[in-house]
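Shared between the two complexes below is chain A, which pairs with chain B and chain C, respectively.
So, the complex of A and B:
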């Protein structure tokens, strides 16, 4: 039923080829339909390409540059972009190109881990609240409200300052940032998951499964979660970009990652005093940071368009 | 209606207490010696430290300290900060500045965001629509501290259109640029939200009926489609007001605004727990009340939603 209306609305697919039209006649799952739609979306391919480049940068920076990010040539401090240092050098005479490449790791790690944890925690708590209902829902919802009421950045700043003296290694600090962003980021996903589980619960197929005697765990795992997690996946993808920006904000304020760790936020913080005289020092890290955030937002847009036929 | 308000207010009590405890626990876990620097360059005497700990309940376990603090707050006393100035007095002054900033940002959000959203929603797929989509995407992906610093440099220093920093009085003119920066991300979100909802509603049956019975285009859009499209936008703006109050830390730092954000940040850095807890608690309470207000607004925008 929805298949035909979708196909008429969709401007990207004027004509379906014969074999595709043939196998579409029997019920096609929402997931398969979404995947098909994604494969046709240029937005998806552009963002996927950008993200692959950044992920590769994070895993294997030496693939992109042979210069060490901590090799300081003070004589050439603040020099402009040249054939020697493509993006110029900063105050310490570090090669900005090399630092921008090595800086990807912190952002990508924070983004991916925070998204994973917020989806797990938020999804689980939201599903629990909606499935059980009653007083359990009441208590869980109030606890969600407590964390939701603390402004996101403010909560993260407080948490990072409270733990300022512990976990000071590279991965320790990244872990701290992930923890801080997760603690104050899960409530929005929990609320979203709760409301979408509530819309799935009254469906006939859930009642039928219950009548057939399936265990609650089985109902949740194979019927509720697959049908209710669409909206959460979309928001989580867009949030990934927001978490990367939040990490940079914390580093910018001087309480996230700190030198000698190389990160885009730290680079921007270091070079912001030179905005008037040496703008190239702030341009490149900002550009890479923005491109990464942009790539995840575009991916989220593409996924939403694929999962939600109404918005096409 | 009044039953609903009472129930919501009752639900708010445990949330406020819980959030305050959360903040209280984090603030008092801040590392460092609370008496450091209290006695000039010498270390404080044993007797002074003992007296200080006793006066500030620092020897008690955390829950007991929290209960004592609540008792104090219930009497309307937010305590004194490190300089022995009452926190309430500081907050009164600083909330005026940040409140003005956040309200102006919300104003930009509503005016520019909704206008851009209507423009692009009504001409979906045309040039204006694509322009709005691309420019909002750009604004969303650039971090706010870069927008702030670059805006300050080009519009303030180079072109001289706006004051570069904000003085203690924080006049409306001085706050124009910071408010625009603070609201920039939300302007983009509001524009996109308005666009999506408006274009969805324009395709709905009731709009077709309204057109068929001969209503003018402006009446169809303004009275029917737009009003129904505003519910998610109002929700967003409402939630955002609280986030703007708290998120102003970065903007306040860039433009040297003497607001709550800067107060909290300095409080954290100087380990001024009483000041931080008071400021954040006030923020959370404002936020929760604005949310309640937003939920009550639904009823006016969409009569189908009732709170009985």
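So, the complex of A and C:
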């Protein structure tokens, strides 16, 4: 501090080539700080590696297998893992390894799209509620309460059965699942965003920006959202895993993705009858599903640690 | 300045002062409607500000000085705040009746403000240069690199060393004094005609206080701004202010030129404030203090609000509100016995 004030005494003096005030460390934003923290976290690298593999599977399944997931060899139905079919074959004589690879696409698509939509919808509505306050906040908060009153799976089941006969193409079904999960997933993010915007709003820099003539839209976009979105990003990352599990749950119940779409949930559903006689049929899709969900939850944890200075 | 910045008008301002008069606040009232009742934060405050003039508004916590600043800026949270009465005219235009969108364009280019705590007044997630540049980008539509150039120039103007290297630094990397300089840079970025400094040095240590005050004074003279300096610190304003308005419980109790006020206060409250400044030649003596506490704004005592703490209070003080009246040429005081105070 003495150092500082001495320099400030002669602010125009030429010898001030070195800027004062704790700049031994280079300038870092909150984001850059978080990135550095992430780079040092083994949790992050393990989850990132797993996720990269699954995403690669979703984009180019042919990189991992040359066998078509719909190539049926009925006489080898229910055969155990072998050099020919690494994970064995299911009732229809499909190669389980190939189907597990091809099944990644549906899960990843559902997870990513649902997360994107819930973040957009929930974030927007939550910000709107907190920024406007008053009756707008009241109405939005009551609406989120109403959604919380409906059990997630029950709501999704109702939605999916109501739309059972429409959108039956591959992407149509995925879209339906995403829609169902988004409808029942946004309220929690909206609540989270609302509360974190409320903590940002009373800060002086929001008042200062307002006092210096910024428009409401600019205040929200440049000043509120960047400061308030941290918690939502963390929860959304963790939710991504949960949405993949929810998709598998719906497919398992027979109302999510349905054959011929290949998905882990569908595979688990198909093989449940052989649980005691041919457990390998259920083992591999379950393993991949668990690994994917685990990877995203681990990533969420790593991101949370990186964004939350208190956890260091 | 580049062409884009000077195109609008010779002065760059949408409004032109009438006879040098920038700001005219008349009979301003502000109330806060809370669940416990109505807090009358400002009860009929009137003052004006001319071009190139600096006015200090002096008062202790809760006297309504910051609320006055926020009312002028239009950043009071309404509700709970209500302005039941009064007008704030900027260059003849009443700000209180102006549509929101029009008023937004007054904030920044015409009237600007510096807050007490510069750390919390700067957005922690953006570099300071970006935040200064934002002023030029939103109000003048400059492109990114031009705006950043301007930001560097402003940072140099407010005497931030190695400005070009520090333009990408974040608020937490600056010391308190430097942050306040950055806040000042943002506030003067658009060449406002009026600058309000709301306790600009309260959060700083004494050596830095003096530097910030002289910077403000310098900028004010250079740009011929009207400066409203809000403070509770008599020492801070002595060098900078031309006129002083003393506030107590939401009313102006005294208005005078700086020198006259310091030489002979015309209100017991002002006298109390002056007496409570520690002085070097009074070593060993007990420091004079004003007894009691400022009134609760929900229950302002009848009569003169200062009467429960006033040594000179008599019966009339407990019943009649003293009007702000001229007690000597150029001296206004709201005390029934101002002449006695002056003579004392």
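The working rule: the second predicted complex is superposed on the first by the 284 of 312 C-alpha atoms of A that agree within 3 Å, B and C clash if a C-alpha of one lies under 4 Å from a C-alpha of the other, contacts with A are read in each partner's own complex, and residues count from 1 in each chain.
One rule holds for everything that comes next: contacts are C-beta pairs under 8 Å (C-beta built on N, C-alpha and C of every residue); 3 or more make two chains touch, one makes a residue touch a chain.
These figures come from a predicted structure and were not determined experimentally.
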Partner chain in contact with A:208 - chain B first, chain C second, else both or neither = second
If you stack the two complexes on chain A, which partner ends up touching A:297: first (chain B), second (chain C), both, or neither?
-> first
In the superposed arrangement, does A:153 touch chain B (first), chain C (second), both or neither?
-> first
Have a look at where A:223 lands relative to chain B and chain C in the superposition and call it first, second, both or neither.
-> second
Chain A residues touched by both chain B and chain C?
-> 11
Chain B - residues contacting chain A, complex = 11, 14-16, 18-19, 22-23, 26-27, 29-31, 125, 137-138, 140-146, 149-150, 153, 157, 196, 200, 242-243, 245-247, 249-250, 253, 264-265, 268-269, 276, 280, 283-284, 287-288
In the complex with chain A, residue positions of chain C that touch it | 73, 75, 104-109, 112-113, 115, 117, 120-127, 134-135, 138-139, 159-162, 165-166, 168-170, 173-175, 177-178, 183, 186-187, 189-190, 205, 207-208, 211
Chain B contact footprint on chain A (complex, rising order) | 11, 142-143, 145-147, 149-154, 157-159, 161-165, 241, 245, 248-249, 252-253, 268, 272, 275-276, 282, 286, 289-291, 293-294, 297-298, 310-311
Touching residues on chain A, where the partner in the complex is chain C | 1, 4-5, 7-9, 11-12, 16-23, 27-31, 203-205, 207-215, 218, 222-223, 226-227
